[in-house]
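See below for the structure under consideration.
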């Protein structure tokens, strides 16, 4: 049996490498957990601040901001049903049969009307299929458009202003008071309560009969 | 809100927008499976912006197509249901419905509130009709010898044919109809007869409508409809007449029976039922006598003798028969005009005659029995199928037009219709499917479904309904009226033909009345009552005591005469008493089974006059000795992907002369077949799942309060609860079917049911007590109990099932990871698990029928009854928008809405005046498995025991 | 490196030999010594006045940490999203017991293990003593006693002699 | 020198020989042929497992014979079974260390190794049995964007923590005990690859007295903590059932009944492995007939205690008189699955009685047969507990049946491969018997002779 004279297998540098490896491994493990949790909140996953390409480069800033057209002129179903509704081509043409009638930018709109083929917009505010969101009840109870959709009136191209995570919904469903506004300010993008938002919010909540404490149970949104 | 929906007059305002097509294509992939033409039309019609809820795992799907209308119709509100009054038909009778449509897409049918024949209630066929609309196996375009042709080709064929017919007045032309009540069709048939005076009409209806009229003729000397006025009865004696069983009259009978039953504090109506194969009537009868069909005429004659009807003499009776007759006779005496005697279809003309005479003697006519001229086939003088086959065999038929019938399948085996059909030169089948008959005819012309048709029909009580389309056809199909008009050489719009009929009836005020009829769903005004006396004198038929077993034919309680065989909802509906799905059985009496060592599932061979059929045995508790039961409606070859090859075809052995009861022999074979049943045990094993009260002790002992370690959670303003009255349940399954339709419950197929994986959120538990030869039967609907201290919730590791402040045991599909702990812990086993992906099975309903307000569950997810939470939320939103409280009746669950006997009551138990709260204070109120301390919100009312043993108690 | 070696290492054949030797080394006034044996020798540790109760305290600390973590985590869940689960209390202490118990044990053991490594300054792959020629036997059946160069009394000659005198089977000067 | 009656190990061997013999097993593997044959079988089973899992994840848990009401069957049943087996190693090692039973030193290493892989097999089942296993991470408390947390009242949630804790603690305990032996093997290794591999795993252990001192303390404290952990884990597993209200599950007897059953099945597996390894590696000098004798006694004792559980379960039901419990008891003993109950009784307790005889206990193959019978018996018992309660619970209308499918069996046999492959690798590459502890035992015995 060949005998070896030394038990010293490793060079002094080996310890350094081993320690580095241990620290590195632990960092990678910890980092991936933190990274995954952060990734779920990233703009990539929540798709905020990302204006997708649309068939017509429609500018909410121009229409809602500069021209001051009320949201409900185009999104006419928002107070009546679960969906706000995308405007039919005919709605676009109420104005654009008079102005900018030859603008190249609006060619898809005119074509839609002529061919009776709808415009294919890309939906920006979309919830998962298992979320049963209703616009009408939110409006009826004093939640303004800007609360979820952000400052649409400043968006040249529409993007998602808030991450539509369940946490985002829950924050308001747990404590709706500061997010309520008077019925005539629902579509107002710039309205801010004077002073503490809880004061007017509390009054509105009492007036419209918010069912506090019942808004966070699952079947409110899922079924 | 389903209680007071706004009803729309027509869908025309929605139809015809090409924009729909694009919108559907984006969210509606199933359309891709249709052939191009059908798909184009389908997409054109289907609704805008589906909210077809799916349970996809991935949440990262931020940007999808959003497709608006080009020009939005005034009334279209995406995502908001709209309701139309119309009707579907069964055996030609209108079943008036309120159709719920989402974005132009019908998803749910309910009985039409306010209609005298439904009062808003429904049966299984009505619930499932909407699925048939979307059946991808429907005939989608006209075919000739299987090859698609155009309607222009059809028109050309008809005009060529018409020249031949006109030469001899249509002598060699035959028209074979199924039963109809349509005034428009009647009008067209008159025109047909005037155009082709020599042409012969035949009516074929496998479901016994002809025999019904034949029995009336035998009893009263003229064709009549017998309308039982059960709400006026306090005693009904039935001779093998399952009037509470499935069929077009079930709904009306069940409604009236339940009304009578609840007339007073104690049961207001008692049923005495002598039957051979147990059915719903026998199951709920307080006094049931099992008797072979061949005994019926003897029994009724003995009853007649007991009641002193002239000419009757008491035959030899067994001890049991004598007891039962004595009680029935005494009850009739005691009812003082509130009694009725009924005779079943298969009991023969002699029994029908005795029934008529007894009813006349006890003063039933006009009180508990209303006679009218037949609602069906008005003024159509027709010949039978047998005569047609004889003529066809003799080569006297050149052209056979079959309208909405499937004689190749449903003709009695003794007639050999197929052979006869091959001798016809030109055969034209007009029907919803290219079925067995469609396959063997030269031409197959596809019909519109009732929900896409303009037509009209009468309900069983004679009330007429204008059938209006709630969706435009997405296949290349036409209505029966249009096709008949084509035979006359005219191409007409479907609505014009119907309007023409009613223009005559409505006269000057047509526009107003037409609109009102469409909105109400029926035409006001009733049919005249007939006065008829029992026919006098008859020749005593020679007693046909041929050796052999009595073979009884019954229609299938879920697929009926076979017409619904391709509907997964109905195939998977557990049949009452047997809980069998996907197929039919040969019912044998327990004693016979013991003698021949037959067990459930053993294959039997039934031999009737040399014609044989094989089927699995089912030992039916309470079945009469020497009686074998066969169910019609299965064993189809060309039903479609769902219905083909399910069960055996009992038509093959059916004799034309005695289609309901005959003689035959049965032999046990040495093989077995697996039965897809949903309940394997029938005994309560000494437990009191179903409790009973009697007149002597009308209240259950008050339950001892169950102590709890846990302080109760505060309740919200509304606390939902449900009370189910076991006394009223007739096991008809309407609730289960309604739940399936409302909640997108998956159809899993035979193999999965055999493994015990059916998905129904509500099961009708069936129990027997007593001797297996003559048991008492109980039905107990078991939905989720919504326990306040729910064991299931505690087991879930991820908060996927938790409690709402309103007391609902919430199941959140999108949070579920499928540990199944909740189901393991559930003492009631009401939860259902998606073991596989049940969304895309061949048996699964096609997507458009889905309720968009309910998530479609993916695999690996638990599901269960939610008290129709989508309806609760809709009611909340509607009330909250008005800033008002919910009222009793604002929320109606699907099962509650469907139940014909109002056995299911749902509401707010915090409101002491709600109906459900009142029932919870009843002496019959009890809690299932009370001792477990789960504090269920779903509770029961005990069954009344008004049978012989309760009487014995009193004496 | 040759100027400050690690120390002298002496090999002994039996357990008793090294115990005796260690006693003598201690008596001779050597303090900076170490012994290497194939299995634990509590007698040796006693002679060398080695005593460290920190592992026990680490275990206790880990247990307390796990206990608090488990309790806090479970209570926070109910605090953050209070949900009615089967009518059970929001803060069910009896239900918390299991996870509390498990995490108490988990962290006690984790602390113990990490503590063992940290206190022993392990892993240490390269160590001077491994340069001793017959040291591979230290894990087998030989017992080694080492007098380190840092010891105040350490002297190349006298220490070597001393070790040979107390019965070492072999002696080696281990370079650092 | 001859062995005296009180000796566990023959004292006519030197500790150097023992060391060479045991480190030689990984370094100069003695039983290549048997090992490769066993490995081939194990790999085949592992492949079966992988195929089954792919099928499972592709189609869903519906490939198993589950239904409603039997929503749990093979997956949970084998989970409990594997976890029970996985209790023996840590229990033997820790409990007997504390009680100073030196015979443990020949068994604890492979028993602990066996424990690890048995726990892995057990731990994988709750993942497999999920309807949507890709959402397993929802069972852990992490700050989710949906704001929903795990539910800590659920025995399933307890399970996750219990099993992960048990696995972590078992690994740490096993590894802590292994470090000195790895150092020994490192020092015996001649090939560079072996030296580096074992060198890194040994963490530079050098046997310093202060290290040994801290090590001993740590190891003993770990052992002291591990014993209640072992008891707690299977108690907790039993709560998976006992926390429900179902007849046949809802019993305070369950925690001890499960722990004893677990120890019973675990010792049976240890006995099987002891007999097998002894023959495979020629360890007759280290795993002696005395070991068999002791194992047989322990097996008999735990078996009798488990039998007491059986008896008391019946007494409990009869005394309680709850009609649902009576119904389930009657059904277990006479119903459709009575063969399971009686099978469990027969396999668990009938051959066990042979162990009353010393000659049987000291015969390897006899002990092996009894142990295999116990393993089968305990498997049947877990099956019986799961299925007979679920298939007939309260409402007669939901009574059903359960038949395992091909995939149930394939997944189960697959996990045996999942167990055997790493176990065979472990006995190939690390010392199967604790070297330094054996040496210590040997020396102590010699001292006892000399003194």
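Per-chain numbering from 1; labels A, B, C and D assigned in written order.
What we mean here is this: a residue touches a chain if its C-beta (ideal position, glycine included) is under 8 Å from a C-beta of that chain, and two chains touch if they have at least 3 such contacts.
All of these numbers come straight from a predicted model, not from anything done at the bench.
Colleague: Between B-D and A-D, which chain pair is linked by more C-beta pairs in contact?
Modeller: Higher C-beta contact count between the two pairs: B-D.
Colleague: Can you work out the whole-Å distance between the CA centroids of chain B and chain D?
Modeller: 57
Colleague: I'd like the Å distance between the centres of chain A and chain D, where a centre is the mean of that chain's Cα atoms.
Modeller: Between these chains, centre-to-centre, one finds 51 Å.
Colleague: Using mean CA coordinates as chain centres, what's the gap between chain C and chain D in Å?
Modeller: 30
Colleague: Chain A to chain B: how many Å between their CA centres?
Modeller: Measuring from centre to centre gives 47 Å for this pair.
Colleague: Tell me, which residues of chain D touch at least two other chains?
Modeller: In chain D, the residues touching two or more other chains are 147-151, 153, 157, 186-187, 199-200, 204.
Colleague: Would you please write down the residue numbers of chain A that are in contact with two or more other chains?
Modeller: 4, 7, 9-10, 15, 18, 46, 170, 217
Colleague: Which positions in chain C touch two or more other chains at once?
Modeller: Residues 81, 83, 85-86, 88, 123-127, 130, 135-136, 138 of chain C touch two or more partner chains.
Colleague: Taking touching chains as linked, do they make an open path (line), a single closed cycle (ring), a hub with spokes (star), an all-linked set (complete), or other?
Modeller: complete
Colleague: Using the touch definition up top, name the residues of chain C that touch chain A in the complex.
Modeller: It is residues 81, 83, 123-127, 130-133, 135-136, 138 of chain C that touch chain A.
Colleague: In the complex, go through chain D and note every residue touching chain B.
Modeller: So the residues of chain D in touch with chain B come to 59-63, 65-72, 126, 129-136, 138-139, 148-151, 153-157, 160, 240, 243-246, 323-324, 327, 390, 393-401.
Colleague: Looking at the complex, which residues from chain C come into contact with chain D?
Modeller: 15, 34-42, 44-45, 48, 50-56, 59, 73-74, 77, 80-81, 85-86, 88, 92, 95-96, 98-99, 101-103, 105-106, 108-110, 112-113, 115-117, 119-120, 122-127, 129-130, 135-141
Colleague: State the interface residues of chain B toward chain D in the complex, per the touch definition above.
Modeller: Contact set of chain B toward chain D: 57, 679-687, 689, 752, 755-757, 763, 765-767, 780, 782, 791, 794-799, 815-821, 823-825, 827-829, 831-837, 858-862, 928-929, 932, 934.
Colleague: Quick check on the complex: what are the chain A residues that touch chain C?
Modeller: Per the touch definition, chain A meets chain C at residues 4-12, 14-15, 18-19, 22, 170, 216-217.
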